[in-house]
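Shared chain: chain A. Partners: chain B in the first complex, chain C in the second.
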Partner chain A sequence: MLAGCWDERLYKDHTVVSLVGIEGTYGEMKSYFAYPELQSGNSEITIIEANGIDVRDTRLNADLKVEQAMDLSMMSTILISETTAKDGLNKYLNVFYRDPTNSITAFLVLVEGNVKDYMEASKSWTTEAGEYFARFIRSKEEVSIVPNRTIQTAAAILYSDGMDLVLPYMVLKDKDKKRPELGGVGLFSKGKYTGRVLKPEQSRFLGLLLQERGRKIKYSTLYNERPLSFTILDVNRKWKFESPNTMKMDYELEVELEEFSDVGLRDVNKISELENFINKKITDEVNEVIEILQDEKCDALGLGNFLRVKNPQMFDDNWHETFANLEIQVDIKSEILKTGLIH
Partner chain B sequence: MNIQLTRIQFFIIIFTLFTGFVYISIQTPIISHGKRSAWLIFIASSIFIYLLLVFYEKTYKYFILGKVTTMIYHLYWLFHLSFAVAYSMYIVSTWISPYTPKIALLFLFLLPSLYASLSRAETAVNVGIVFGIFIFFFIFFVLNAYEDFEFRNLLPIGESGWKDWMWGSLYSLNAYRNAECYLILRKFVMKDEKISGMPLFIFIFSLFAMFLFSILSVMLYFSMEEFNLISEPILYLLHAQEVTFVKRLDLIFVFIWVFITIITLINYILVVRLVHFQKVRKFAKSRIVIYHLFIFVIAYFIAKFESIQMIRQYYWIPFLVFGLLLPILIISWNKIRGRTIFDSSK
Partner chain C sequence: MTEEQNPEQVILTKLKDSFYNSADFVAKPISWWDNEVAILCFYSSIVNKADVERIMYFFKEHLRDDNMYWGESIYTSVIPLDEKQLAKFLCDGETIIVRLKTREMIRINLPEMAYRQTDEPASEHVLQGSREGLVENFDVNISLIRKRVKSHRLVVKQKTIGYETNTTVYYLYMEQLVDEEALQLVEERLDKIKVDLFYSTGQLTDYMEDSVWSPFPQLLKTERPDRIIASLHEGKIAILSDLSTTAIIGPTSFFSFYQTPDDFNGRAVTGSFYRILRIFSFIIAIFLPAFYIAIVSFHFEILPLELSNQIKSDIENIPYRPILEAVILEMTIELIREASIRLPTSVGQTIGIVGGLVIGDAIVSAGLVSNMMIIIVAFTAISSYVVPSTEMNSSIRFLRFPFMILAAFFGFIGIAFGAIILLIHLLNLTSLKRPYLTPIIPFNPKAIFKIFIRMPFFKPSKHPKSFSPNEDGKS
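And then the complex of A and B:
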C-alpha cells in the first residue's frame, strides 16, 4: 500500500529461497541456496552454490547465477557447518538481523560434515527444502529433544553473557545421503560451538531442565527387566543457591505411564516404588547431562542469569569457569498422575 | 481561533501527542541507559510526571505565552515536528519502503496533515479516536511473544548505578516531552468538565501503562546487550513473531504507526494553530501552507541516519527545557504578576 511502485516486490521477479546453508569462515565462505523451480512441468528443488568473503558476498555472487533476484523473506531454515559455528556464530548471522526483508524466524541447525550434502538431499523431497527441516525441528521441539532456537531467539542468547546456546545437530548416516537425522544438540560456550553434541536421549533431559512450556518428554527403560515407558507431562522447578559454590535444583515431575507390562498398580506401595525408580533413573540421566555441560563450559540452562539475579556479586566475566566448578545437586520428585486405560 | 473540547477529546489529543511520535523509539534509550532497573526508573519518572501534571492542572491558568515565549515555542515546535516527520520517514524507508524517494514519503505525511489543518478544527480534534483500535492490535501482537519472555531480564535492579539512574530518568521523562501541550490545550476544555482528581489520574495511568507495557515487553524479550544494536525494539519484536496469517507482523504495525504519526502531526499542528491564531491574523491558510513547507524542507535535510542518531542522543533536553523549566518559569512569573488566561483573554 505505502510502497507504491518504487518498492514493489512481485513474486514473479524473485527466487524465493526456503533453505540456506553456510560453511567456512571469513574470507573463505561458501553458501548454498535452495529454491523450487519449474522444470519440465514439475517443481524441483534447485541448489545454487556461491563463494565469497562473507555471507552477504556469497549471496551477491549467488544472485549472479539466477535469472531473478533472490528473496530470503520466506526462508525457514539455515544450515550451519561445524567450522563456521566453531568460529563464533554471531558475526555470521549479522546480515540476517540487519536486513528487514530477511526472515528472522528461521530455524538454525548445525550439520555434521559438508553442508552441500544436506542441500543436495533436499532434491529428493517433495516438500519445500527449508520447510522440511522446519517441520522436522518443530516435531522434535514438541518432545523436548531440541529447544526452540530461531535466528532471533538464538541472538537473545548469543548476546547474553549468562546463558549459552544449544542448536539442533543433524547428521547424514544413510548410504544414499538422502535422509538427514537428528544427531542431538550441539553445545556452545561463549558463542562458539564446542564440538560436543548431546545425543537425543540426553538432550531431552536438557529440555526437562529448561522447563520449556507445553513440551512433553518421553522416556523408555527397563524396570525389573520389564519395559517401562512414560511421558513427563509437566515440570515444576525450584532453583536455589545453597552456598556460593553449591546449586540446588529441585524438580517435580507429573508423569503418565504409557507402557508397563506388570500388574498391581492399584497397590499404592507399588506406585511409590515405581516413582522412586523413576526419580533415581531421571536423576542419573540429568546428572550425566549436567556433567557434560560443565565439562564444555556450556551454561545452556541460563544459571548465569539466575545467579546474576540471586547473587549479583558472584556473577562476573569469569562466569564460565565458575559454572564449570559449580556443585549442582539435583533432586527429582515424580508423581504418577495417569496410568492410561488400565491399571 | 477558538475550540471547545470535552474531557474525552482533551485526553485523546494529549494521549496522541504524548505517544504518537515517540512510542516506538523511547524504549532503547531508557533501557540502554537505565540497564536492568530501566522499568523501575520509568515508574519513578512517571510518578514525577503525574505530580507535575497535577501541578499544571492547578496552575494552567497562569500559563500565558508572551511574544518572546511564543516565538521560542514556535521555533521549538517547528524543529520538533520536522524531526518527528524526518524520523517517521526514516522508519518507513528502513522497514518497508527503502526505494521510495524521500519526497514521496514527505508528501505521504504532510498532505493529510495539510488537508486536516486547512479544514475545521473539529477534524483534527476527533481524528485521534483511531488510536483506540491500534492499542488492541498492539497489545495482542506483542503478547504473542510471551513464550520467549525471560523474567530474569528485569533483575537485579541493584546493578544500575547513579549515572544509569540519572540518564535513565532523563530519557524516561522525555517520553512525556510534549507536556507543554497540556497547558496550552487545557484552557479549551469546557468549563463544566472535571479534569483534576480521578480523571487526570486515570489518564496518566493509562498513558503510563501503555509506555510501561512496551518497556517491560522488550526487556523481557531481548537480552540487555541487544539494546546496543536495536533502536526500535517494539518493531523488531514484532518482526521476530511468526503468525499464520501474515509473514511480517512488523509491517502491519508500521502501517498503523504511520497513521498514528499523521494523526499526531495533525493534532500537534492544531496546538501550533491555537497559539499562533490566538489573535486574528491575515492569510491564515497561506500561513498554514508555509508552515508545512518549512517542515517539508527541514525534514528533507535531516532525514538521514547520522542526523537522526545525533538528534536522538540529545533528545532528553526538550522535556527539561520546554516541558518543565520554561512552563514553570512562565507560570511563576504570571503568578507573581497576578495575571491569568482569563484576564489576558479579556
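And then the complex of A and C:
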C-alpha cells in the first residue's frame, strides 16, 4: 500500500480500538468497540455500541458516535457471540479482511452469553481491553490449551474444505461479571459453530494432535496412587491412510517428568513401565477427543487436507460425513527424556 | 640629494622601497670581512634575532671565503644574488646578508614564527593513548609524525599555493605503499589551485574532493599524528599546511570516519563493541526522527498496544503536525549547539543548561512539543555526536532533515525511497577516485568483517590496504 501525504492518518486524530465485539445475525447486528479515552491524564475505557444491518454498517454507525476517526488497525481481539458463530463465521469476518489497515493478527474469541458483559468487564482491568484477552489467549497457547487462531490463520481454515476451525471459548461465571475465564475451545463444522465445547483438559490434546511447534503440554494424573506430572516437550507424528476408511496416526512424544515421588526411577525397567502407563493414558484421552470431533463432524486436525494431498480422488464434498465415520487408530509412543529435579 | 652616494645606500633605498617601507622590515649596512660592506636585511617580526646574531658573529670571526662550501651549514647557504628570490626568502623568515663585492647572498634560515605548543586536539578526544595534536607549524608537525615512523620511506613533498599568501602545503606518503594513482591525482589537483589568497583547509578540501556538493565528507580531517601515520600505512596520502592544525587524508572510505584511535588503544572485544555501537548510532541519527514521524502520521498500528496509550495521551493536545513539532525541537537543539560553540566554555555550559533543561521542560508544559518527541530528538542528538569525526557529524545532522520531510509526506515509503537514494549516492561517491563505500562496493567480505570487528594486532599478517587497485580480488 503506497502512502502519500494524501493518505496521512495522524495518530492524534484517530481513536484506537483494541477490542471489538459482534453479536446478532444479518439484519440485526450489534457491535461494540472499546477504546481508551483520555480524561485528565488517565485513560479510561469507553465502549461504543452500534446497531446495523451487518458488521460494516455497525462500524459506520459507531463512527458517528466518536469525535475522532475510529481505527481498527490495533485491534487485538474480536469477541464473537455464539449466535453469530452458529450462523457461519465467514460472512461476518469479511469486513475485517477487506480493510487494508485492519489488524489481521487479532485473536478470535467465542463468548458465552451477552457480548456486552465482556465489553463492560474490560472497564475494571488496568490493561488495555483487547490486550487483556490477547494475553489471556497467548498464555494459554503456550500450554497448548488453545490453538493459534487469529483473523489471518482462521481465514485459511474457514475457506478450506478439508479442515475445521476451533476457537477459544470464554465464559463469565463470577458474580460481579468481571473476570472471564476460559471454558475450552468451541468446535466448528463447515464454518459454523456446532455449539459443542471441548473442555480445557481435553483441548490440550488437540494441540498434541495438531503438533503445534514450541508448545508444552502439561498433564497430571495418579500412578499407583502417587501423583505423576509430566510435560510433553516435543511431538513427532506420522499419519497414514491404511485403507479408505482407516486412518493410522503414530505419535512419538518426548516427555519430561515433573513430579513423581517414587524411589528407583533410575531403574530402566521402571521407566519403561512408566512410559507404557503414559502411552495408555494419553491414547485414552486422545481417543476421547477424536470421538467428540467425529461426533460434531469437526475436522479440526485437517485430515481432509491430508487426504486431499495423498489421495485426491477420494476427497469429495461429502468429506465431513466421511470424517465422522472414519476409523482412526491412534498409536502413542512416549519416551521419557528427563526425570525431573528430585527423585 | 648628495652627488656622491655610496653604492650600498642606493641599494638600501631600493630595497626598502621594494618592501614598501614596511615597519618590520630591517635593512642596514654592516661591515663584513676586510672592510667589505654587506647589507643585512630581514623581517624583524619573524626572525630569531639572537641566533642569527650568533651565526653572524661566527661567520665574521671564524670563516673566510677561500674554502669551498664555506657558507654551507644547517642554517645557512650561499647563493648568487637574485632580487626576486630575495623577497621570497625574506618572507619565509630568512635573514639575508648581501655581499655587494661578490654579489652573493648569505641566507640564514632561522625564522621564528608564532605557533602554539602541541596540545590535545579539542575535536578528537581519546580516553587513552597519545594526546599530541598537530599545531600550526610545519617542523613541529613533521617531527610529530617522523617520531612515530622512523623510516626513510616516509616522503614529504611540498607545494606553494596562493600568489599573495605563498602558503606552503605539504603532502606526505609512504613510498611503495602509497596508492600511486591517488598520489598523482593529489599532485594534479594541487597544481590546479590558482588563487591569490590561500588561508584555510576548507579551501583545500574543496579543491581536493571529487564531489563538492555531496553531503558526505570525502576526505578525512584529523589533528592527530597517530591517526595520520595509521592512514599513511594504509597507502593513503596526508596533506598538511602551515596554517591549520588539520591534516586532510585521502582516499578515505565512509567507515574510516567511524573509527577512532580508542578502538586500537583499548582491547579488541570492547573496541569492536563500540565500533558496532557507532555504526548503529549512524542509523539512529539519520532515521529515528523520520521513523517516529512516519509512525505517528501514517503507521501507528505498529506501536505496541501498551505503548500506544502513552503516546496517544502525549500527542493528543499538541496543536501541530509531528513534522513541525520535530522541526521546532531540532532547530532548538541546533541553535543551542551553535551558540555553545561560539561562546566561551564557561558561558557555553550555562547555555547548555538553559537550553537543555529550561527550554526542554517549558516547551512541553507549554504544549508545543510532546514528551515523546523530546526523547526522540534528544536520543538522535546524542547519537549524532558519537561519530568521531566532526565533519561526518555535521553531515548526518543535516541529513536527518530531508528524511523527516520525506517521512512527513510519504511515511515509511518515503523513508525507504530516501534510503535508496542515499545508498545510491554513497555507492557512486568516490574519494580521490577510489570507491567511498568500500568494502561494500567493491565487495570484500573479509574487509566488511573488519568494519565491525576490531581485529587483534597480531592477526593481520598482510599489510592493511584500504585501496588496492592492482590487487583486486587477490587479497
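Throughout what follows, the second predicted complex is superposed on the first by the 335 of 343 C-alpha atoms of A that agree within 3 Å, B and C clash if a C-alpha of one lies under 4 Å from a C-alpha of the other, contacts with A are read in each partner's own complex, and residues count from 1 in each chain.
Going forward, a contact is a pair of C-beta atoms (placed from the backbone, for glycine too) under 8 Å apart; a residue touches a chain by one contact, two chains touch by 3 or more.
Just so you know, these numbers come straight off a predicted model, no measurement behind them.
Of the two partner chains, chain B is the only one touched by A:302; chain C is not. Of the two partner chains, chain B and chain C are each touched by A:103.
In the superposed model, A:36 makes contact with chain C only, not with chain B.
When the two structures are aligned on the shared chain, A:128 is found in touch with chain C, with no touch to chain B.
Of the two partner chains, neither chain B nor chain C is touched by A:27. Once the two complexes are overlaid on the shared chain, A:7 sits against chain B and chain C alike. By the touch criterion defined above, A:152 lies against chain B but remains apart from chain C after alignment on the C-alpha atoms of chain A. When the two complexes are overlaid on their common chain A, residue A:16 makes contact with chain C while staying clear of chain B.
In the superposition on the C-alpha atoms of chain A, the part of chain A touched by chain B in one complex and by chain C in the other spans residues 2-4, 7, 73-74, 103. Residues of chain A that touch chain B in their complex: 1-4, 6-7, 73-74, 97, 100, 103-105, 148, 150, 152-153, 155-157, 159-162, 213, 302, 305-306, 308-309, 312. Of all the residues in chain B, the ones that touch chain A in their complex are 92, 94-101, 104, 108, 147-148, 150, 152-153, 155-156, 158-159, 221-226, 229, 239-242, 247-248, 250, 255, 258.
If you check the complex, the residues on chain C that touch chain A are 295-301, 303, 305-306, 308-309, 311-313, 315-316, 318, 321-322, 408-414.
Only residues 2-5, 7-12, 14, 16, 18, 36, 38, 41, 43, 71, 73-74, 76, 101, 103, 127-128, 130-131, 134 of chain A touch chain C when the two sit together in their complex.
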